[in-house]
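Written below as structure tokens is the structure these notes are about.
Order of writing sets the chain letters: A, B, C, D and E. Residues in each chain are counted from 1.
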Amino acid sequence: MTNKNPYIPMPVKISRIIDEVDTHDIKTFRFEFLNKEDEAGFKYLPGQFGELSIYGKGESPIGIASSPTQKGYVEFTVQRAGAVVPGMVTSALHEMEEGALMGIRGPLGKSWPLEYLEGKNIVIVGGGFAFTTLRSLINYMIYGKNRERFGSITIIYGARNPGLLLYKDELIEWGKRTDLNLNVTVDKADAAWKGREGFVPAVCKEVAPGKENAVAVICGPPVMIRFTLPVFFDLGFSKANIITSLEMRMKCGIGKCGRCNVGSKYVCTDGPVFSLAELDNLTQEY
Amino acid sequence: MSRIGVFVCHCGLNIAKTVRVSELAQFAATLPDVVVAKDYKFMCSTPGQEMIANDIKQHKLDRIIVTACSPLMHEQTFRKVLAASGLNQYLLTIVNIREQVSWVTHDIEEGTAKAKALLNGAVYRARLLAPLTSRVIDVNPDVMVIGAGIAGIQAALELANTGKKVYLVEKNSTIGGHMAQFDKTFPTLDCSACILTPKMDSILQHKNITMLTSCEVSEVKGFVGNFDITIRQKARYVDHGKCNACLACTEKCPGKGVSEWDEGLVKRKAIYIPFPQAVPQKPVIDRDSCTFFKKGKCRLCEKVCEQKAIDFDQQDTFIQVKAGAVILATGYDLMDTKPLIQYGYGKYPGVYNALEVERLFNSAGPTGGKVTMRDGREPQAIAVLHCIGSRDKNNSEHCSRVCCMYSLKFAHLFKEKTSADVYQFYIDMRAAGKGYEEFYNRIIGEDVKFIRGKGARVAQSPDEEGRLIVEAEDTITGKFIKVPVDMVVLSPAMVPRADSRDIARLFNLSTDKQGFFMERHPKLAPLSTMSEGIFIAGVCQSPKDIPDTVAQANGAAAEALTIVVKDKMELEATTAMVNPASCCACQNCVRVCPYGAPFFNESKGVSEINEALCKGCGLCASVCPSSAIIARHFTNDQVLAEMEGLMEF
Amino acid sequence: MLKKTAINKISELAAVLMEKGTLLAPVKEAAGFNFREISDAGQVNLHFHNTIISPKSAFFPQMEDFVRYQTGKSILEAAPVELNLKPVFLFGVRPCDVKSFEIMDIHFSGTGAVDPYWKKRREAATIFGHAFDLNEAADPAEFYHTLGIGAADPQGSDIFMVTKDNDLLFKSITPKGKKLLEELTMLTEASAGDRKYFEDYIARGHDYKTRFASVEPKAIATEFESIFDNREFWKNVSNACLSCGVCTFVCPTCYCFDICDETLFNKGTRRRVWDACMFTDFTLEASGHNPRTNVYQRLRQKICHKYSFSIRKYGVISCVGCGRCTRYCPVNIDIFSIVEQAVKAKWYKRL
Amino acid sequence: MSFEPKILGIACNWCTYTGADLAGTTRLEYPQNLRVVRVMCSSRINPSFIFRAFQLGADGVLVGGCHPGDCHYNTGNLYARRRLAVTRKILEFAGIEPGRFRVEWISASEGNKFAEVVTEFTRQIKNLGPQNKFKISQ
Amino acid sequence: MTSSFKSIEENLKAEAGKLLESGRVEIVLAYGRGYDENHPMPFVAKHPSDVANMVFNEYCIHNLARYLVRYPRGTKIAVAVKAADCRAVIQLIQEEKIKRDDVVFLGIPVYGMKNPKTGEIIDSKTTCGMYNPVLYDVLLGEEVHGQKIVSPYDVLADYEAMDKEARWAFWKKEFDRCIRCYACRKACPMCYCDPCFIDQSKPRWGDKSPQSHGNLMYHLTRFHHLAGRCIDCGECSRACPVDIPLYLFHKKVAKECEEMFGQAAGMSIDDKPALVNFRVDDSDKILE
């Protein structure tokens, strides 16, 4: 039963931990599978998620931060949850060290609609910690010949301050590329910050391409989304061409436990990626 | 996943004799999350401490367990080691295998087994420990002293002389308190006014003291270092800023009120100063006896006042004061003896209470210092009854401590000022104080009649009009006696101020059965209270004489100074906090906290805890049904985990 | 194949089934009947109307252990709990409950990932359906007729049982049932009269009336979609609701569960336990956000899930009208009445 | 082998824990069956701790606090007294021998009382035998 | 002496109508029709026209005090209360969950309430045995007199007489049947915590799975949380789908609290809940 039982996590080793931000509450964990067949079976696309599993603590659904083009490992960027009472799994994870073993279930859920995105101009809008699966998408789209499959790529990524930006090395690399329009902004700059200062919606207004043949992929905190969507509506983007990813309490991740049920959808299997048009058909309970 | 280091101390042979320490360390090494486990002869020695410090660095330890003596012994020592190694000091756990294991058994099997169980509990607990930081707050350098009797005056002066700003709050229109009413003080018989009035004057003159008379505290907010107190100043109808104390008003005033100062023995004007040496030397209008307030016309005082200081429209005003510490010196009331009908106080004009007699003796009193009774006679026989209401289970169980001595003083003064026979009815003569026994002996020599027996009843003499009979059992002869006298002096119990419980509530103090303020500890912290930063001095804590009161006042001043002398203070780190997501708004925490730290935030619908007030006892956490309160360092999950570890093996 | 035995010999049959495997059958308990694993053949008691907890627990037990492990040890040492099931005989299941298995099959093994526990337990089981007693009045809470289920529908059972006077008739419905029935030699062959009685009984079952409303799945799904945002309606129907878990726990088609790690002394088990969408913390996220904080939202979720979402997702109403939720509701909330009202709800004023 | 009970102690920091230290300092011997959890005040003891202790396999539970009136926090033990009295009644009605749960007021100066109580309580628990009612079977 | 159910119903409708009409209250908590006569439901009237749908009969056993805390603080609510229900409201006032001024007590003096499952009269068996509300603003019928006064604690005798082994065996069997549907706490007017202690993962007081130990921890702790607060309405047991006689345990705890602290729950709005209170002279005997 072990091999096919979707409830039993696959063993992985933490091969690398990157402390992403100044506040030390977001780390990226790189996992390597202990079993080759598990690695082979873990075929994923950007936008999907996995259940990070620690026996004795529980499981936590986290979006996959690496791109399938990165071979030999998967990465998850995890924020320590809970302001007053820390989340069981995420805080245990944050106390883990490189070399430690734990479990993963997945890949779970639907990916960003890559086929739909092909040939289109892509605007990626990310805010704060929610940038993880967008990073996966970016790395996927710019990998080798993949880049040819997509039109222009505009990235708008914002954080509250420079210290809270994720993937700082990659941002530098992406910034050097000419086939990407990278716009990194912070709400509040510090002395060392040379880049943009300003809120994501304002930057979107400035740099987003026209609606023609374009799709916006947006992930961020609710307040960012609330102010960003009107920008794209004003630009004439249809709801079908604005795509986002939902957060919802999930347990099983495979559409059985009923927890993430919203209307006739299960966020874990029918999502977490939805277009605004799809969300409009969903009951507003997420 | 923690990285725990376990350090087992031999304490020479103190531990090693009955606990196999190396086996204990080996056992520790097998426990999950234990990265390193070592034993060493003396962990508290410098090499021992260095070993821990090195291992913290080398093994990146994030939890330290020292298995040694009692935490009450060396917790601080090892906390410093952690702090010096860059680890939060609260990540230390001490396992007490000396006082509670090796020293209480001879059996090395038993000792080792118990040590393992205790250590396992510590490992379970250590995993869940969280780093804690204590908050530092600013301290307001000023002090408020409430009550300007001798205690308050003394404390205020002491503090002011150190350079601290003091707010001295007095309910009456003058400072001085009961001591200003007295004539002579025992046992030295020096004149009360002579020693008190210079101090009163110093208060007035002192640049660091703000004197707030006719004032009462109406609200207290904040906490130690940062009290925010609202004072209500009663309308005096005289602008003290303008008044030049010519007192022309008091001469012309037709109003008549009862003189509180003279214990109701005489009348005073409606606009008045309580007594000639009053401080401040400025009159106030008593609304109840003022003709203008009663009848709507008069205003004579206004007419005679050249300074235009009379202001009939004056209202109560509120003053906001900030202070870092507060001293309560609110004094006492004399017990109302009217309800003790057997003594006939209030019924027979010949029965007096002690304070009234003080005024009779006083040359500034109603009789100019002559002992003349209400009917104008000079008494021929006087009975002084001790312990009226004191040492009485039906009234005040406590001994009021000063009555014996002032009753002797009365006897002396009666002898001095009259030719009367003086009888002392006492239960026991308590003369414990410097010079007191000597004073007693002196009075014995003054032809005073001592009857060892509590006065049981005072009755009208059936034979002679105006004479009184004191009935008592003379416990020496065992005879029931009846003594005819002209004047009876009751020495009533000193009881808490009528509003002492209200004051206690304002400052979140506890009171004892009677209503006296509770000290934090009866022996070791007699001037502190359960509310940090609030101190008590004088009789508001319990009855005492003037020297003790003054000593307490000085002590309280010193205690207050320890707080306001620093401009910052560190708050307890092991306080409780509320997880608002779990709070069910039952307000149990608010109900039980002895310090008033939790409060209910009506707008958020959850309880919150003022951590500056919290002492970390954890009571609130245990009465919280939804486990919303996190008692830091003793959280529910930490205790549960420790129990699990203790019970595993 | 139709066989029979005297009802008073039921314990003999039970004994045979116990020998062949695990027998789950109705047992009388303090509060009523429940399916239990039979350890004493005499416990089997068919004098019941229906059980408190539905027989879903045979395939979806309230607690299912996934893995056992030791904290502090490697994940590689964790031991998944293997289900090694003997044949299971689920004896005395009412037709409406039998129908529930079909609905649950769609969820657990018919779409998306296959739940291995449900599937294994389901495969191991032989279901003895049991017709309601048509001579007895229907329970006022029941309404399976509304869902198109007859009181004596044999579909879904492997073997279907009908009571005839003092006898119990057994008819094989599936090959699996036929094979078992052949093996049950202690049962006697039924007579032609029995056969006639059996067929008539099943036919009569369709005329046996519980509460009834006309519900066409697509239409009712639309109906509920149209009133989903009608807060006035939902608040009204949920005024009395306590938000407890009774209705979902007794329900034969509720399948929500939680996955818990439970540890003691460093030994742990990861297991699933039933959960309920009626519980306040069901959708509570780690961030503190909870999309369903109000009682009305939770009751709405439960009802719409059964009468709307399930139709859209799986094509079936996820309710069999067994009436348990109504019968055991501490405040007598009646899902049937709510469905009836929902049809009329269009006329409610929208907020 | 004779029955060696596991006894959980919960002691307040200021009185009973210090009293236990004093017992050690004065080398008073007592049975080693007691394992003490230190809390700041007996009022910190959540009644569920007691239930949990028995579930974890404690054969007896001993709570120690300051004498009423001497609580370091003024009134903590007065609340604790009421709450733990109820705990006791609940345990008893559930069928746990009331002798398995004891609350004692032991001051910091009563090292001898601590040793006596532990000795006596341990003897009592030995007489009662193992507690298997609440104990979780694994 | 006793008013008929019908007349109480009429009075209830009239008073509820008046209160809503005058604006004195926004909400009246009462009883309404259920799916049949034997199953009336808690009912919320917000408009004067709603009162027509009110009913009152011997099956209106629900304790409506349970619903008070559901409305925002300060909502003016009239609530129909039988004796035990009334005590629940008083207890909630003591605990400052609601304010006296915000509630109108529609007192129902009644004898002969029945358990719809069994048809038996429940008054002193599973509930507090009182017939008349201790506090009311309006009384919807005549006070009940002449009924035999039975101590609510009489039913405990058999259980108190059991030896400890038998009592443990009894409770173990009962608690083991618990399916953790939490109907007991949800029906309880005093169980207003959200989240309940048992739902929390930090601290994890008891396992979520319905096994003996988690069940035991849940129930014993709940009894403790209700000590001195339980007003003996019996709703927990009535709500229980598997009929665990929780009321017995609650009664026992209530009885002990009454004996130890001299105070029964919910009898006066001036009381302080017994377990967040103390007297300096509480006897140490209570610990023996």
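Note that in this section a contact is a pair of C-beta atoms (placed from the backbone, for glycine too) under 8 Å apart; a residue touches a chain by one contact, two chains touch by 3 or more.
Fair warning: this is a prediction, and the values are worked out from it, not measured in the lab.
The set of chains touching chain A and also touching chain C is given as B, E. By the document's definition of touch, common neighbours of chain C and chain E comprise A, B, D. Traced through touching neighbours, the fewest hops from chain B to chain C number 1. Placing every chain at the mean of its C-alpha atoms, the farthest one from chain E is found to be A.
Between the chain pairs A-E and A-B, more C-beta pairs are in contact across A-B.
Among the remaining chains, C is positioned farthest from chain B, on the basis of C-alpha centroids. Computed centre separation for the pair chain C/chain D is 48 angstrom, with centres defined by C-alpha atoms. If you average the Cα atoms of chain D and of chain E, the two centres end up 34 Å apart. A separation of 44 Å divides the Cα centre of chain B from that of chain E. Shown for chain E are the residues in touch with two or more other chains, namely 194-195, 197, 202, 205, 275-277, 280.
Of all residues in chain A, those that touch two or more other chains are 58, 85. Contact with two or more other chains is made by residues 47, 52, 56, 75, 79, 83, 136 of chain D. Per the contact rule defined earlier, chains pair up in contact as A-B, A-C, A-E, B-C, B-D, B-E, C-D, C-E, D-E. Only residues 73, 95-97, 192-197, 200, 202-205, 225, 272-273, 275-277, 280 of chain E touch chain B when the two sit together in their complex.
Here chain B touches chain E in the complex through residues 513, 582, 584-588, 591-592, 600, 602, 605, 623, 625-627, 635-637, 640, going by the rule given at the top.
On the chain C side of its complex with chain A, the touching residues are 66-67, 69, 71, 74-76, 78, 80, 82-83, 107-108, 111-116, 228-229, 255-261, 263, 268, 270, 272, 275, 277, 282-288, 291-292, 297, 301, 304-305, 308-310, 312-313. Interface residues of chain B, counted against chain D in their complex, comprise 70-72, 96, 98-101, 103-107, 110-111, 113-114, 117-118, 121, 510, 518, 530, 574, 592, 594, 615-619, 621-623, 631, 634, 636, 639-640, 642-644, 646-647. Residues 84-85, 92, 95-97, 100 of chain A touch chain B in their complex.
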